[in-house]
Amino acid sequence: MDQVELTRSPIDVGRVLSGISDPECGAQVLFLGTVRGVEDGERIEYLEYEAYEEMAREELFRLCQRLRARWPEIRKVAIVHRLGRVGVGEAAVLIALSAPHREGTFPALAYAVKELKETVPIWKKEVGEKGARWKPAK
Amino acid sequence: MDQVELTRSPIDVGRVLSGISDPECGAQVLFLGTVRGVEDGERIEYLEYEAYEEMAREELFRLCQRLRARWPEIRKVAIVHRLGRVGVGEAAVLIALSAPHREGTFPALAYAVKELKETVPIWKKEVGEKGARWKPAK
Amino acid sequence: MKVKVLLFADLREVAGQGELALELPEGSTVGGMLRAIEGIYPALAGRLPQVKVAVGRRLAGPEAVIRPGEEVALLPPVGGG
Amino acid sequence: MKVKVLLFADLREVAGQGELALELPEGSTVGGMLRAIEGIYPALAGRLPQVKVAVGRRLAGPEAVIRPGEEVALLPPVGGG
């Protein structure tokens, strides 16, 4: 079961964790990407996310399919990404998954984060004291 | 900053995540180990955890030190483990850590979970429909 | 044929609009469309080499043919997360 | 010297008590203590080969000497998480 969400509201981690719980699963792993207050010495005010929403949702579901193809033991996946303005310290992205046992969940989570950053049409504008710039994935 | 806790109360994930947040950290990862309802086809009623509490706390702090030695970029670590009776679906253990960037956080989390299971004096009695047994780490 | 091309992020800002309305010959490819955009919107030209193109919400290479009515989008380097 | 030995999990259940009170010669080692326990508590003997010993809350090998007043514990295979 894949849950994919693009939202302009703060991410509710507890709700997402409840959503991936499963009586057959003993392992849940979660990545929470938050907005850093300083980048290369510059004080950051906020990030502004923009997406090609319809395609981003489809790419996120395709990412879930690739995850399940490589790690078939995964039971539930949830990916939530913020859009619009996200302040320092706030969560911009959450990826969580559950499986009966923990083996595989850590590389699966790492893979999911990397693929999200590299393949999903979402863009991030960083607004700091020196101005604003679009920041592609490193 | 290392937070280590042995508790007989349900684990509050939100509180732990708040505790590891840091304005310099963009990456938080979390492992939540929950009680499965079925083991090898047997319906499980609950787990009962017991610890050599003083030593377990010390071992958990030593585990945090080993983590930081291998992944110096880690900023905050939190490890919470339940003691006593833990019902099916409930979280028995939570490990969370934060770092400026995500690289390293996934293997660090995997290492922390493995080390916790193998080196910390905590024992688990599984109580199911066929009876009770002490279960060492696999 | 009329083709609507969606723009995002810095492309959208540079163009000052979220979409381009192009008139292309039937059977045009993605590569042909990019050359047309280069000619019509010189402000975008310098950024096009880094851009990926989605046709029908799927990445498409330069040889891909654009069919009438398909949704086309120019994707600058992504950076979610 | 008197040595208090903490028991946990199945060892605690098999012994029917959470600690053993031993009287050992000064300078006894962990290995010597285990042999003494084997003799005094035959019910525990079969489990001792799998047991690790903590002295002063640190794992200690069979040659380690137990000093008076130190906290000693028998640790069956652990299984947290």
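Order of writing sets the labels: A, B, C and D. Residues in every chain begin at 1.
Convention: contacts are C-beta pairs under 8 Å (C-beta built on N, C-alpha and C of every residue); 3 or more make two chains touch, one makes a residue touch a chain.
The structure presented is a predicted model; accordingly, all values stated were derived computationally and were not measured.
Once chain B is excluded, the chains joined through touch sort into A, C | D.
Separating the centre of chain A from that of chain C, both taken as means of CA atoms, is a distance of 27 Å. Computed from the mean C-alpha positions, the centre of chain A lies at a distance of 49 Å from the centre of chain D. Centre-to-centre separation of chain C and chain D, using mean CA positions: 74 Å. Contact with two or more other chains is made by residues 33, 113 of chain A.
Shared interface positions of chain C, i.e. residues touching 2 or more other chains, are not present. Under the contact rule defined at the top, the touching pairs of chains are A-B, A-C, B-D. Those residues of chain A lying in contact with chain C across their complex are 33, 49-52, 54-56, 58, 81, 92-93, 113, 116-125, 134-137.
On the side of chain D, the complex with chain B involves touching residues 6, 8-10, 12, 54, 57, 73, 75-81. Listed in rising order, the residues of chain B touching chain A in the complex are 13-14, 17, 21, 23-38, 88-89, 100, 102, 105-107, 109-110, 113.
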